[in-house]
Amino acid sequence: MGIEPVDIDPKPEQLTYTFGGGQPLARVKPGVPLRLYTEDCFGGRIRTPDDLPSKVVNFPYVNPVTGPFYVEGAEPGDTLALHFASITPARDWASAATLPHFGALTSTSHTATLQDPLPERVWIYDVNREAGTVTYRAANSDFTVDLPLDPMHGTVGVAPAHGEVRSTIVPDAHGGNMDSPLLRAGVTVYLGVNVDGAMFAIGDGHCRQGAGELTGTAVEAAMRTVVIPEVIKGHATPWPRFESDTALMSTGSTRPLEDAFRISQHDLVGWVGALTDLDTMDAYQLLSQAGQAPVANVCDPNYTMVAAVDKRYLPKATAYEGVHAHLRDTARTAGLTSD
Amino acid sequence: MGIEPVDIDPKPEQLTYTFGGGQPLARVKPGVPLRLYTEDCFGGRIRTPDDLPSKVVNFPYVNPVTGPFYVEGAEPGDTLALHFASITPARDWASAATLPHFGALTSTSHTATLQDPLPERVWIYDVNREAGTVTYRAANSDFTVDLPLDPMHGTVGVAPAHGEVRSTIVPDAHGGNMDSPLLRAGVTVYLGVNVDGAMFAIGDGHCRQGAGELTGTAVEAAMRTVVIPEVIKGHATPWPRFESDTALMSTGSTRPLEDAFRISQHDLVGWVGALTDLDTMDAYQLLSQAGQAPVANVCDPNYTMVAAVDKRYLPKATAYEGVHAHLRDTARTAGLTSD
Amino acid sequence: MGIEPVDIDPKPEQLTYTFGGGQPLARVKPGVPLRLYTEDCFGGRIRTPDDLPSKVVNFPYVNPVTGPFYVEGAEPGDTLALHFASITPARDWASAATLPHFGALTSTSHTATLQDPLPERVWIYDVNREAGTVTYRAANSDFTVDLPLDPMHGTVGVAPAHGEVRSTIVPDAHGGNMDSPLLRAGVTVYLGVNVDGAMFAIGDGHCRQGAGELTGTAVEAAMRTVVIPEVIKGHATPWPRFESDTALMSTGSTRPLEDAFRISQHDLVGWVGALTDLDTMDAYQLLSQAGQAPVANVCDPNYTMVAAVDKRYLPKATAYEGVHAHLRDTARTAGLTSD
Amino acid sequence: MGIEPVDIDPKPEQLTYTFGGGQPLARVKPGVPLRLYTEDCFGGRIRTPDDLPSKVVNFPYVNPVTGPFYVEGAEPGDTLALHFASITPARDWASAATLPHFGALTSTSHTATLQDPLPERVWIYDVNREAGTVTYRAANSDFTVDLPLDPMHGTVGVAPAHGEVRSTIVPDAHGGNMDSPLLRAGVTVYLGVNVDGAMFAIGDGHCRQGAGELTGTAVEAAMRTVVIPEVIKGHATPWPRFESDTALMSTGSTRPLEDAFRISQHDLVGWVGALTDLDTMDAYQLLSQAGQAPVANVCDPNYTMVAAVDKRYLPKATAYEGVHAHLRDTARTAGLTSD
């Protein structure tokens, strides 16, 4: 019963590498689920330890996204809600790598030093959907360990404001490559709409990811993902927000990392204030004691921080007219959930 | 049975305001538990909403610590282990405040702008040890909410290296005002010893704290704390580390926030490598997928980040000769634990 | 005698607000001077102290540029040289302002705090081309002072790489709103070409500017500017560079400011090494003692630093096949210089 | 005629390595010139290209200072003025080096990466006082070049506030290792007094230095320096300031670099406002167009920026009761100047 998702399975040449600027892959209706295939950040080209990124990846054709989608009725000033009903690895393997002068514990093109890059290396993970694990194997010893499967999307966004077009590698106010492990199934993402149709796109699936995404890559995987778009009319959202069953979350993406922290916490103070009868200073105080600050990425062109608060501490707050609970119910009723 | 703790209950005039430079409050023996009283960061002077910090606090006499303690046998190049057996609020109230140009969401003396400060305001919390809660009350509305009691110490450290003396407000390689919510009962802190006797001190109890300590204050409280010191001879520790039953944690304290992140993650990569048969790149990869990065403070003179990894992913690793498990057992056997 | 410049006097509706993405305003030939009119960053709308930006400026339609220009023969991998023969204020007045939450000594949208913005205020400057001065007049006292006229362009750039389109407010690897006072008449700017025709544009004239552009605005003015484009084939330029008769300069634009510093100095070390027989460490050492680091902006979406070295210290170095000296001669011979 | 300077020529074992905490080397009277010998930052141990820092320097015994001096009459809340009458290299050679993981274009202990350090290398410079040059010689080619001699002190400070003791490597509100090329002969330094006697010390002479001190070392030299102390009673100075015949300068030392910039510019806005009839916004505007921002160091534990404004633009301003002009005259009259 329920709503049958629309299948979207783009050909490789249909994948896109920017937010903004392109033609829609499809027009979609609010409330109608989409079942998307998304390719991994390497375009599926890293399959063995010998597939070094510098050999097989064709920069800047990295981090492809599926989209953009024109959402009917979405206009500048609205908010696009994207409810992730399920995120499922499409293959039984995934990959990770170090790339020259990219990552959190190396100098980079922007934190520029005169040092040589770290070695380039590839790791291939086994993905066991039944067991709910991914298997890490050391390249240089016999060490292996199973880690919990915890699928997420690193990249979700809309067309940027002011006519900008941004590489899918970049996270910013339009979303993009935020690389937050919290963007998992069961979560609704809120994005401010900047252009007619919003033009959202999704990619960069991760079987799991540590905080900060140290090496610049997570457990990178193609995904089959069910997402339900909805439009909240006349409600602007300055920076991407997430909502789960238990938490409200704001994001900030910039450098230095404290400014990403400030943006996200500033947004959450304002959001909590707007949802409660707390003034700014009282909301600031409450989050000072009850707020969380999960690190997303410290490796991308902008770093991303999340500010989060448990809904238990805000008993009467209902965000965005309750769209999260509504879409969650829709997904469950339609049998589309995986979490 | 077990070891009877030594009680340390300093008079107000015995409290100190620096790490390094002073005479020991007491000489203590490794393995012998101490039951300390620590005053709150305001010196206990903020008791009502009218006790604004600028009126009742006598800067720079803030953030007093109990100590320093000379630990017999501790020498430069060793590591001091401090096992926190229990941390218990000493009163049934606690306080928090905003201070002019101090905190994470305001300009400050160092992130200097020409703007006026935010309003100064005080919040008094009820502390219910039996219920395990602290009660937040909004200053400007009827909103109240109970938050879980989760006691911790913001400030733990030793005398700094190179003859330096640092204000207790500052976190750095010697520990100090790290303000991490993870420094709770059941945790062992490792600090590199820089001077004979290590000269550790503890203060700044928090009934709980959000990530980043937004307003620059947590739920500030006097504490009764049982701590067991131990010395690991000939084992240097460059930055403070924590160990719990389930996790290994490294810290970094500096600015900007990404450098605090880098220090902590860099230290954890090295630590994991030293405890396993992983080379540097393999340890880097494992933490890229399995590491956490809990934010401690984004308001103090240095910001503090923690890097953490679950011990489940490092099955054979034993840190510091197993001193954590040993002290944990000691505390349990002696009936000194509160967690 | 010499080459007659092509006059480019765009209508207001022809001004553009992005780098990348638009149609060329004109196709131009290498070596042929252009005499451009550029509007000020406020679109000429701030003419009196009552013209507060929030009232008269229509965001995001700020910082218009004249262009883009398709330079014949310019292809990806080449470098576009733009020699500024003259930069002359077009009016006898100029303007400056403070804008809410924009500038170096205020919290901003990204260095987000909960504080109120600074007051919005406008200053109108007299521009005296004959005397070579601009007159500052305090808004709130009788203080006035003449400052030297030192015209420059804040914004010069090409279409970005990777299909991106960026607001003209943003400085980055494509140039853009670098806001360096060193970009004055007599200087040649080198920009890496990312798309066929390079698609350069110029705007944001300043009668003068202090280091960092504290308030986020300089002495903003419409300009008449003569620029000569040239193409250096097969020579890539990763970040914008400047050359004057006396100095070689590299730029870097990002956050935090030390990374902008690192990018610019790293580029200059590499450039100096490539122009001399110094290895990397020897070039690093020479710049450690002889290099300069003029601050451009500390207020825009990316901060910009310049790294500079006096040509006297590099006696045999000739950059980009001597194109600066050649264009300088061309401009002088044609009577197009103003410096 | 005039005042005969007091000679201070400390033995190696009298050199100190901290600001704060020690006994005075001498008590001195305001207005009486001192002729100091200062050792170089390496303790004079690097004399040939084979004297690699890791071999001959005994960390943390680096960056020795001559002092501290107890200035009679200086009390907390006063300002100590130190007029540098002359700074003269004491030897005909000077040294520079790269040190592992120290410098602006390398990862460091705090900007921690997993990369190997850059090579360690030493450069010995010829110092020709008569010609006014230092001679750079490349280590790995025949390249040599004469650079202008421009002597300065990297390290000048007083005992810190709040009982702190800081390594001489650190610049902060007490001064210390600011490493600004502007601290040359003819300049007066203003330092806030934190303890009775101020306890100032001076060291780290540089024959010259580039902006940022890229490699972490300048042209390091022992110096003979004449300095005249004076006390301005009841006038606090929050951050070190400099005054030359032509400019007023404020400093800021912290990380990230934009916060050092903000501190210095914020202080200069306030200083200019206090010396003129400009309100805060008018002073902000004036410096936005007329201010400079010379980079001092981007390699030390804190980065240092200077904010400067030409006195021509502040015709009626007299700082600190005219003490700079007075001490400058005193030095000239006594024949103590070298600039």
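Letters A, B, C and D mark the chains in the order given here, with residues in each chain numbered from 1 onward.
Convention: a contact is a pair of C-beta atoms (placed from the backbone, for glycine too) under 8 Å apart; a residue touches a chain by one contact, two chains touch by 3 or more.
Not measured: the values here are computed from a predicted model.
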item: Chain pair with more C-beta contacts, B-D versus B-C; value: B-D
item: Chain of greatest Cα-centre distance to subunit C; value: B
item: Rounded Å distance between subunit B and subunit D, as computed from the means of their C-alpha atoms; value: 35
item: Chain centre separation (subunit B, subunit C; CA means) in Å; value: 48
item: In subunit B, residues with contacts to at least two other chains; value: 105, 111-114, 118, 255-256, 262, 265-266, 269, 281, 284
item: Of subunit D, residues touching subunit B in the complex; value: 17-18, 20-21, 60, 109-114, 161-167, 252, 254-256, 259, 262-263, 265-267, 269, 280-281, 284
item: Subunit B residues within the subunit A interface of the complex; value: 96, 98, 104-105, 118-119, 121, 123, 134, 136, 138-143, 145, 147, 208-215, 217-219, 255-258, 261-262, 265-266, 269, 276-279, 281-282, 284-293, 295, 298, 303, 313-315
item: Residue ranges of subunit B touching subunit C (in the complex, touch as defined); value: 105-107, 111-118, 256
